Amino acid sequence: MLQSFLQNILNALQWGSFYSLIALGYCLVYGVLLLINFAHGDIFMVGAYIAFFVSMVLLGKYGAMAGLPGWLVLTLAVPLTMILTAVVGVTLERIAYRPLRRKGVNRLYVVITALMCGLILENGNLALLGASRKSFPTLIPVQVYTFFGITVTNIKLMVIGVAFLSFLLLHFIVTRTKIGMAMRAISYDRFAVPLMGIPADTIIVFTFVLGSGFAGLAGLFFAMTYPVIDPYMGALIGWKAFIAAVVGGIGSIPGAFAGGFLLGFVEIMVVAFFPSTFRDLIAFSILLLILSIRPTGLFGVARRTKI
Amino acid sequence: MKRLTVPALLAAIFAVLLWATMTGVLNAYWQSVIMFMGVNVILATSLNIINGNMGEFSCGHAGFMAVGAYVSSLLSVALFAKSAVFGDPLLSPDLAVWLFPLVLLAGSLAASVVGLLVAIPSFKTRGDYLAIITIAASYIVKSTIENIGVIGGARGFMGMTGVMNAMNDTAKLPWILIWVFLGTVFSVCVIRRFIYSTFGKGVDAICQDEIAAEIMSVNTDRVKLVAFMVSCGLAGLAGGLFAHILGYVNPGTFTILKSTEIMVMVYLGGMGSLSGSVLAAILMTLLIEYLRDAFGFINTFLHYISVIPDSYEVTQVWKWVLIPLLLVLLMQFRPEGIMGRRELADVFPGLRKFYKFKG
Amino acid sequence: MALLDVKEMTQYFGGLCAVSEFSVSLEPGQMVALIGPNGAGKTTVFNLISGFYKPTRGDILFKGESIKGLKPHQVTGRGIARTFQNIRLWFEMTVLDNIRIAQHHALGYGLWDCFLRTPRYMQSERAIEDHAMDVLTRLGLREVAHEYPKNLPYGVQRMVEIARALSIRPALLMLDEPAAGLNSSDVEGLIKLIGDIHKDFGLTVWMIEHQMDVVMTLCSWIKVIDFGATIAEGGPAAIQNSPEVIKAYLGDDTI
């Protein structure tokens, strides 16, 4: 009993890590621009595909170069995937969001654009690469360790470790560095920041680099853990990571991180006791409940309207 | 004369449609296009109350459509047709013609009750958060349907053709076309009356300044509740009609893509413009039908001029790239849509001669 | 009996005491002012009374009944109307519609009447429209009834906002800085307008105002607050000479 409980906790930690990593991206962009980047889940999907192609090329599967050993491929794939995914995110910012921001249109239009960009990425990918699922190559052999009847794989440990490290890094950037301070300043007053001599657009691009980069990282590790990728993988997990961010109180980095793990735990526990088809139903119901009771999430702070 | 122009015009269109269908001038394909046009008009105009007039961002309209579709389909099949799920009909199939509107009404009532899932959180929550709630609500609906095995779960539910046949046995008329037509006219009329009343204008007031509305005696909670319930209820009506046109329903139809399709119509038409939504729904239906044919042609053409590799086929999937792209471009270059916040009578003041315009 | 009786109303925002033990008693037909330096908590007092916030402590009696904890639209329905410091009209609809919407408390019909266009609905809509036009006519705004407020000059927007508040048929009209942003000739017009409204509509008027000519000409009683606490009250002459008030506005001259 205790064993299966601990095993579930471990699984939940891993599952929650993905949510956390994606939720951090939502949270960064929201924290700075007050924009829900609805395309973020699909950027995660694109990240997984980028990781797939990067690994395949590096492994020499396409014949472009001699194959490298798996561990080296992984080491190279991490930065490459992050950079390439960041490029995708920034491109989106440049061609879709920034012109709208410049025009100073209703915030709603930016949100709609974000949602539509997500659909374009999703379906564009489907149209270009086809609906067939791709199986991700094995980069490092899976090793199973058993402690007191609990099984852990090296990938699982790696995922959890990466999630924690990413959180610490992002938290450090946002709270302790000058650029982080500028990010927070933009979220308070986007119009005053350029007047103080801070290049707002640069900061916003940096935010998208960070958010998308970590989505790419999540995509890579997700593909390593569940080695099948398809164009729709980002949609649902993206929505749920968003739930996690909202539950934690969107805009708060520790909130997003905690929310991700919370959702992971809830889902794993639901699956432990109910049929697995109930998972989404319960996850979304929890979101609805939390937002109805506490619209600002667990860690969020309401902004007072002035009249 | 002013009072009679619009009813007379509608009656004429109705008569022509009926005649064209009965004599076979209008083939089955165009009949279905016209019916989907009607359903889309209901969907777009009802979503326009929320996304246009109230200025909220509901992206779960398909969920409410699903509720209406399932409830009215289950009811109509249980009452009027023989099916594997419910066995023999509970009522005589002869009654189908007379009771069908009630079945549709039950579907829309159910949808508006489910609309409470969104309406109640909307008291406290606005904007992006409410958008999430609508998405969550539509996922909850879809996921619930998929988890109820009795009504087919993810495989869907069918048997509505039996109901249509029962109506045909009573009188040989294109019944579903008649219902879609009446449903569309009913919806547009109801919405028009609602949003032009002082009560309904409260919705616009909430959009423009919610605090001022609340302090200037508008019971914002009640107005929001009513607006959401009317909007969701009509989506349910559209769902009921949709299910009976197809003869089957499948939860996979009511995804975020379906909601997106409806949103495109609303924003294309212009937020808060009723006539804009009607126009955009008609245009979008034609566009989507056109794309269906066009992709085959584009595919052949692109292969002919050897732009794309032989192994690659341009297919329907591109539709879902083009439609969101259309909306993105719309947001960039003409975010107010075709009509903006105006109505047909504002654009063509000459029309005021023909119908009473109050607003 | 006093029309409005505020008893030791106190409001905290987190740890900050925005309004402290605020008491006031308004007799029907009075015209009074609430003044104080910026950030003194004047608008918060109005927000508390109109139901936008619920006071932490204290009670608000209107016509002898407690209105504490009522929603803003309920408070307005009881007969307290107000304007805003920054104009809050619905700019994207006509002036007439702006007034019509402010009649929600007097709506004599429900949703079904509206769908079916019942006699009740038609009658109520006609009454609302007649009343709206009547108010606009009395304030000399009839010509702009079909204009959009966004296209009107600032001074007219202020007038429309006052018209909207008046159309509620309030017993108490609260004006939050009615003269803010107006030039001197507009201010003269405003003083006359408020005086006329006060007489014609038989209202109690309570205003927050920084322009002393408005306050001193119109108001018979003035209450001064600073940092949420009342520092002086009395007639115009008394306030002008009160050392407390001078200190609050100009600072302590002992420095």
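To keep things simple, chains are lettered A, B and C as they appear, and every chain counts its residues starting from 1.
Criterion: contacts are C-beta pairs under 8 Å (C-beta built on N, C-alpha and C of every residue); 3 or more make two chains touch, one makes a residue touch a chain.
Bear in mind that the values here come from a model prediction, so they are computed numbers and not experimental data.
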- Would you mind telling me which chain pair, B-C or A-B, is linked by more contacting C-beta pairs? A-B
- Query: Relative to the centroid of every protein C-alpha atom displayed, which chain's own C-alpha centroid is closest?
  - Reply: B
- Determine the centre-to-centre distance between chain A and chain C, using the mean Cα coordinates as centres, and give it in whole Å. 49
- Query: Where the CA atoms of chain B average out and where those of chain C average out, how many Å apart are those spots?
  - Reply: 44
- Message: I'd like to verify one number: the distance from the centre of chain A to the centre of chain B, where each centre is the average of its C-alpha atoms, in whole angstrom.
- Response: 34
- Among the residues of chain C, pick out those that touch two or more other chains and give their numbers. 52, 84, 88
- Item | Where chain A touches two or more other chains, by residue | 307
- For chain B, what residues touch not just one other chain but two or more? 211
- Given the complex with chain B, which residues does chain A contribute to the contact? 36, 96, 99-100, 105-113, 115-117, 119-120, 122-124, 126-127, 131, 235, 239, 242-243, 246, 275, 277-278, 280-281, 284-285, 287-288, 291-292, 295, 305, 307
- Item | chain B - residues contacting chain A, complex | 55, 57, 59, 117, 120-121, 124-125, 127-129, 131-133, 135-137, 139-140, 143-144, 146-147, 211, 256-257, 260, 263, 267, 314-315, 317-318, 320-321, 324-325, 327-328, 331-332, 335
- Message: Which stretch or stretches of chain B touch chain C in the complex?
- Response: 190, 193-194, 197-202, 204-205, 208-209, 211-221, 226, 230, 341
- Note on the structure: The residues of chain C that touch chain B in their complex are 50-52, 71-73, 76-77, 81-82, 84, 88-93, 97, 100-105, 107, 109, 111, 114-115, 117, 121, 124-125, 128, 164-165, 168
